[in-house]
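Some structures are shown below for you to check.
Below, chain A partners chain B and then partners chain C, in two separate complexes.
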Partner chain A sequence: MSLAFLTRTRGRGRFDLTDWLTWAYLLLAVFLMFGPILWIALSSFKTEAALQEYPPTFLPLAPVTATVEGFDEPLQLFRIIAGEHQGKVLAQVRRIGLVGKMVDPANPGALIDVNINDRVPERAFALAVENYTSLFERFNFGLYFWNSLFITVVATIITVLFNSMAAFALSKYHFRGRTVVFVLIIATLMIPPTINLIPIYLVVSQLGLVNSPWGVIWPAVATPTGVFLLRQYMLTIPDDLLDAARMDHASEWKVYWRIVLPLSAPALAVLVIFSVMWRWNEFLWPLIVLNRSEEFTLQLALNSFQGELQTAWSNLLAMTILTLLPITLVFAVLQKYITTGIAQSGVK
Partner chain B sequence: MQSALDTIGRGVGRLYAAAFDLLEWPMLALQRLTGAQRIAWIFLLPNLVIFGTFTFLPIILNFFYATSGSDAILLQDRPYVGLDNFATLLACENYLQPNSCERDIFWRAVHNTAWFVVLQVGFMILFSLVTALILNRDIPFRGFFRSVFFYPVLLSPVVVALIWKWVLQRFGVLNAALEGAGMPTVNWLVDADWAFFWIVFVSIWAHMGFYTLILLAGLQSIPSDVYEAAEMDGASKWRVFSRITMPLLMPTMAVVIVLSLIRAVQAFDEIFVLTGGGPGSATLLILQFIYETGFAYQPRLYGLAAAASMLMAVVLLVLTLVQLRATRSRAEG
Partner chain C sequence: MAVVELDNVVKDYGATRAVHGVSLTIENGEFCVFVGPSGCGKSTLLRMIAGLEEITDGEMRLDGQRVNEQRASERGLAMVFQTYALYPHMTVRQNLAFGLENIKTPKDEIVRRVDAAARMLQIETYLERRPKQLSGGQRQRVAIGRAVVREPRVFLFDEPLSNLDAELRVAMRGEISALHRRLGNTMIYVTHDQVEAMTMADKIVVLRAGRIEQVGAPLELYNRPVNQFVAGFIGSPRMNFVEGTVDSIDDEGVDLRDRTGTAYRAAVDGGGVERGDAVVLGIRPDHLDVGGSVGHEVTVNAIEQLGGDSYLYCERPDGTRLTAHIAGQTAIRRGDVARAVFRPEYSHLFVKDTGVALPRLTIGEAV
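The block that comes next holds the complex of A and B.
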C-alpha cells in the first residue's frame, strides 16, 4: 500500500512548514486528548499494590509465581541481581528479616539464603480483572448502574414523547396563544436550572420526590431545546400529508403518531442522543436530590467513592472506566450523527 | 445478523404501535370534546405542566426565597427580610479585596469565577479556532482527528475529573515523568496557583471539542469561490485569513463566545470533583458557593443561596441577550 497520502500537501508538491506544524499539533493533540484516558484504562487493570508503586510502570504487571516440587503453595519468583547467585531466577519459600529463604526451581532440595536487597521480583503482564469483578461483589455497582440506566431511559422516553407532542402542537396548529407559548418555552433557554436550584428543590420535596429517581426525571423532561429542535424540523413536513390523512378520518392523535412522528425520525434521533448524554452525565441535580446511597447514580457513586476511599484507587479506576464505556460505545456507533447533529443545532 | 436486526426492528415497531394505540380512544374522546383545532392544547398540556411546575413556578418562588430568612424550606415558615440577603452578600469595603467583605467566601468565589471565565473562555476559543482551522485543511484521517477532539465532550464531568485527578496526584504519572526528565515535581492540586491552572486546563480539555465542531461548521459554510477569487488575485495566506476567513467566521464566533461565556459562569461539576474548591477556597466558583450555602452546609441558608443565584442570573441574562443579538446577526448575515 502506498503511503503517499501521508505527505499529501496542498497541491504545491512540497511538505512545507505549515504541514509540519499541522501534524505536530495533531499528534500532540492525540497524545493530550487520549493519553490520560488510555492511562486510566491501563491503570484500572493494575493491582492495588502496583498502583502504589512510584514511578509507575506503563503496563499492568503482576508478580510471577511458580509451583515448585515439594511445596504446596505456588512460590513467588525473584531475579537475583547481586551476590553469588547473580542472574538466576529463584523462588522464595519464606522471608526472615532481611534474608529470603529461596530455592532454585530446577533443584528444589537445597535452601539458599539471599539478602532481600540482592533480588527483584519477576513480573509479567497481567490484568487485575478482580478490580472489575469486585465492583459487583463489594460495591453494589449493579445497583448504581441500574439507577443510572433507569433515569436515563425513562427520562429520555418521556422527554421525546412530551417534547414531540408540544412541538407537533406548535408547528401544525393555528390557535390563539401559540406564539406566546412558543416564546415562553424558548425564553426558558435563558434561565438555566442552576439559577433556580432552591425553589426547584422545594417543589420536588413537596411532591415527595426527594431520594427518588423521579425527583431527577421530572424536572428535566420538558427541555426547551427539544421542543425547539423538533418544532423546527416538523415545520418542514408538508401540511398536505396531514390533511390527506384527516380526509381518511384519521384522528389528530393518529396524525401525530402515524405521520408526523415517523417523518421526524432524524430530529428525534438527535434529541434521543442528547437526552441520553444529558441524563447519564448529570451531576449537580442528582447530588442535591439523591442523598441515600441506594438511590445513587453512577456519577454520584463515583464522586462519593473518590471522597471516601482515597486508598481504593483500583476499584475507583475500574468504576470510572465502566462509567465511560456506555457513552463511548454510543459515540463509536453514532459518531457521525452526533457530530453533525451538534454542528447543525449548536446545542449540548 | 440482518434478520436479527429486522426482528428487533419489527418488535420495536409493534411495541410503538401498541403503546400509541392505547391512547387512541382517550385522545379521540378529548378531540370530540375540544374540536380538531383546540386539541393542540391537549398536545401541549404534558409539556406545559412540567414547564410550569419545574421552571416557571420556581422562577417566581426564587424571589420569595431571596427576600426571606431562616433555614426553613417551606415559604410560610420563612420570615420576610426584604433585601437583607442581598445586603449581606454585597456588604464590602473594597470589592477587589474579598477579605474586606462580610461574606468573603462569596467574593472569593466571584473573583475566582471572573478569572476562570476570562482564562477558560479566552484560551478555549483560541485553541478551538486553531483546531478548527487545521481540521478544515485537506488532511488525511480528518474524521478521526475530529473525533479525538470531540470525544471528551461526551464524558461525564465526574469521569473527566477522576481521569485528571489520577494523572495529577502527588505520585501520579505526570510527576513521575517530570522526575524522569530531571525536573522538580509539584503537588499539583495542593498548590493554589497550580490548582487554578489545572481547573482551567481540564475544563478546556473537556469542552473545546464542542466549540471546535461549531467553528468547523462555520468554516465549511464559507463558499470556496471566495477563496478561489483571492488566490487569483495572489493574496497572501495571512491576508486571506484576516480579510476573508475571520470576517466571514465572525457571526459563528460571536455565538461560540457567548455560549462558552454562559457555560463558564455556571462551571461546577468537574471542578467540584477535581479540587472540591480547594486548596482553601482557591478554586471555589459561584455555583459551588450556591450549592454549599443552600444544600451542603448546616444550617441551610436558602435565602442567601437564592440571592446569590439571582445575582448570577443577572450576569447570565446580560450574556444571553448579547447572544440573541449575535444569533440574529448570524441569521441575517
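The block that comes next holds the complex of A and C.
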C-alpha cells in the first residue's frame, strides 16, 4: 500500500513535470533535514583519528592492519601507488622522516624503503563502537541519562497536570477576572527568558534548590504556551458534556479527570511532545542551576566534552546520537495523536 | 417520589432578568411540559431545577426541602440534553454506568441496572459501541437510558427531540410517554413545539419572556386560554384573530364589529368590557366553517390538500388573514370567494390592550 502511495503519479501512469518537481523538492528537504543527522550518526562511529582527517570520508573507515611474522604489534597496511613497488600492499614497520620502513607481509624477511608520498593507507569500513562503550565505561553516561530522564518525565507530568487544570478553569468556569488572568498568562510570553533568569535563580537559590533537579523542574512547569494550547482546545469541548457529568453525580474534580482530560488527549499529546523537547534539550537553565557533575543532564555532559584545549569529538558525537534517540521515539509514538481528534464526536 | 416546588424563583444574568419570579408546583408523578417561544426562559428554568444554574432569588424545594444550595450532583435528578451529551470517549455501557459509579453503586448492581435499562430501551445490541457509531435515534435512546439507570427522583428533558427527523420524533414522543407511564416518575420536559406539549403533558406551563403565562392541562389551555398569547401559541395552525370594537353586551355574549362594519358575536362574559372598547376576536382554524352559503365573505388565497385534511388560507376584504381547517377534501379552488361562519360558542374574545381573555360562557368544543 505504501509502495502504491509512493509511486502515485499525477499523470496517468507516467511521471510528468509536477511529479519530478515534487520529488526533487521533497528529496532536497529530506537531504537538508536528514543530511546533518546522518553525517553525525556516521561520524559518531569514526575513530578520533578518522575524525581529524582531511578530506573527511563519508563512511566510517578504519586503517587496515595485519599481523606480520616477526613483529609483535599489528602493522598498518599501505597500498603503494608509485615507484618500484607500485600496486603492492605493504605493512609499515616504522616511519623515519619522509621514508617509511615497510615490509611485505608475504615475505617478511626484508625491509623496504618507500617514500611516504608514494603510498596511501589501506582502509576498510569499520564501526568504532568503542565511542559508545567508552561513554559507559569512562564517562558516567547512565547517570547523566537518568538525570535528564528524571527531569524530563517529572517536569512533563507536572506541566501537563498544572497547565490542564489552569486551562480547565480558564475555559470552563465563568468568574470575575477570568480574561485578565488569561491575558496575564499570555503576556508572560512577551518577556524574554533571559530577563527572568536572575530573579528565578535568586528564588531557586533561596529555596535551596540549586544543584537539585527540582531547581530545574519547578521554574519550568507553568508554561503559558501549554495553558493557551489546552485552553483553546478545551473551549471546543461542549459544556453539555460537563453538565451531563454533573447530573451524573460527578464532582468538579471528576468532571476534569474523567471527562475533560480524556477528551483533550490530542492537545495533551502536543503539549507532552513540546514539554519533552523543551526539558530534554534545555541547556542554559540547567547550566546555571546544576554545578555539580553528578547532577548534570545530558546536555551539560555534552558541553563538558568540549574542553578548553581539547574536545573529545568521537565521544561527543556518540553521546549526541544517544541524546537524540529518546526524543525521536517520543515523537514517533505520540505524533498520531496530533492528527486524530477524538472529541466533538459524541455530541450530535 | 418527588414534588418540585418553585417559589418566586428569579434568575438574573448581570443586569438582565431572565426569569421573573416564577412560582409553580409540579406534583409527584406528573408529566409537566414547559413550552414557549425561544428565549422565553424555559431552558433556564429547567437548568435551575437541575442545579446547573444558580437561583438568584426565591426558593426551590424538592419534597418540601429547600435545595437552592445543593449542587446538581447532589439533587438526585437526571437530565436528557438536546445535544444528547454522550461521553464520546466511553462506550454506551460506560456512558450508562458513569453516574452509578460516581455514587459508588456495587458492581453487580450497576450491571443489573444497565442491562435492564438497555433491554427496556432496546439498545442491548450496541452496548459496547461508542456514541460516534450510533445514529441519532440510537443516541437519543442511550441519553434516555443514562437517565433511567440512575432511577432519579425527577427526569428533566431539555428539548430532547429537536435534533431528530419528523418521523423519529413522533416515535420517540410515544416512547417517552410510555416510559412515563411505566416508571411513574415526575418528569419535566422543555420544548418549543406545542404539539409535543399537547400530546405528552399532564400539565403545560406556557412561558413568555421569563414569566408564566398560564399553567394547566392541555385541553384546558386549548379551551380556556387566559390571554391572546397562550391562545395563539397553543393549537396548530395558529388561532385566527380579528380586531374590532364592542358593539353591545348581553347575558349570553358580546357583539362586535370589525373595521368594515361586519358583525361578529362571541359567547363570553362581557363583564370586563364596555361598548366601544377595542377587542380581538379569536377563532381556531378548526372552528371556522368555510364553504357554506351563509357567513362572511372571504377570498381563498391558497389551499393545502393533504387528502385527509384541507387547509384554506383566506383573506377578508379588509386584509385580515384567516386560516381554516376542513376535515376531508374540498371542492373550493384557489381564488374562489367563499363564506366563513364564525360561531359564537367557538369564539374567544380578548381585550386588545392587555390581551386578557374574557371568560367563555359556552364552550363549543367541550364534550
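The rule is short, and it goes like this: the second predicted complex is superposed on the first by the 230 of 348 C-alpha atoms of A that agree within 3 Å, B and C clash if a C-alpha of one lies under 4 Å from a C-alpha of the other, contacts with A are read in each partner's own complex, and residues count from 1 in each chain.
Keep this in mind: a residue touches a chain if its C-beta (ideal position, glycine included) is under 8 Å from a C-beta of that chain, and two chains touch if they have at least 3 such contacts.
Since we're looking at a predicted model, the values are computed, not measured.
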Touched partner set for A:33, first chain B, second chain C, both or neither
first
Return first, second, both or neither, reflecting whether A:82 touches chain B, chain C, both chains, or no partner chain.
neither
Which partner does A:129 contact after superposing on A: first (chain B), second (chain C), both, neither?
neither
Using the touch criterion from the header, give the chain among chain B and chain C with more contacted residues in chain A.
B
Going by the contact rule set out at the top, does A:249 touch chain B (first), chain C (second), both, or neither?
second
Please work out whether A:174 is in contact with chain B alone, chain C alone, both, or neither, and reply first, second, both or neither.
first
Who does A:259 touch here: chain B (first), chain C (second), both, or neither?
second
In the superposed arrangement, does A:281 touch chain B (first), chain C (second), both or neither?
first
Do any residues of chain A touch both chain B and chain C, and if so, which are they?
246, 251, 254, 342-344, 346, 348
Using the touch definition from the top, list the residues of chain C that touch chain A in their complex.
47, 50-52, 71-74, 77-79, 81-89, 98-99, 102-103, 130-132, 146, 150, 163
For the chain B and chain A complex, residues of the former touching the latter:
20, 23-24, 27-28, 31, 36-41, 43-44, 46-48, 50-51, 53-62, 65, 73-75, 130-131, 134, 137-140, 145-159, 162-167, 171-173, 176, 179-180, 205, 210, 213-214, 216-217, 255, 259, 262, 266, 268-269, 273, 287, 290-291, 294-295, 302, 305-306, 309-310, 312-313, 316-317, 320
Quick one: which bits of chain A touch chain B in the complex? Just the residue numbers, please.
5-6, 8, 10, 22, 25-26, 29-30, 32-34, 36-37, 39-40, 43, 52, 54-56, 161-163, 165-166, 168-170, 172-175, 178, 181, 184-185, 188-203, 205, 218-219, 221-222, 227, 246, 251-254, 256-257, 277, 280-281, 283-284, 287-288, 299, 302-303, 306, 313, 316-317, 320, 323-324, 327-328, 330-331, 335, 338-339, 342-344, 346, 348
Listed in rising order, the residues of chain A that touch chain C in the complex are 238, 240-241, 243-251, 254, 258-259, 262-263, 265, 342-348
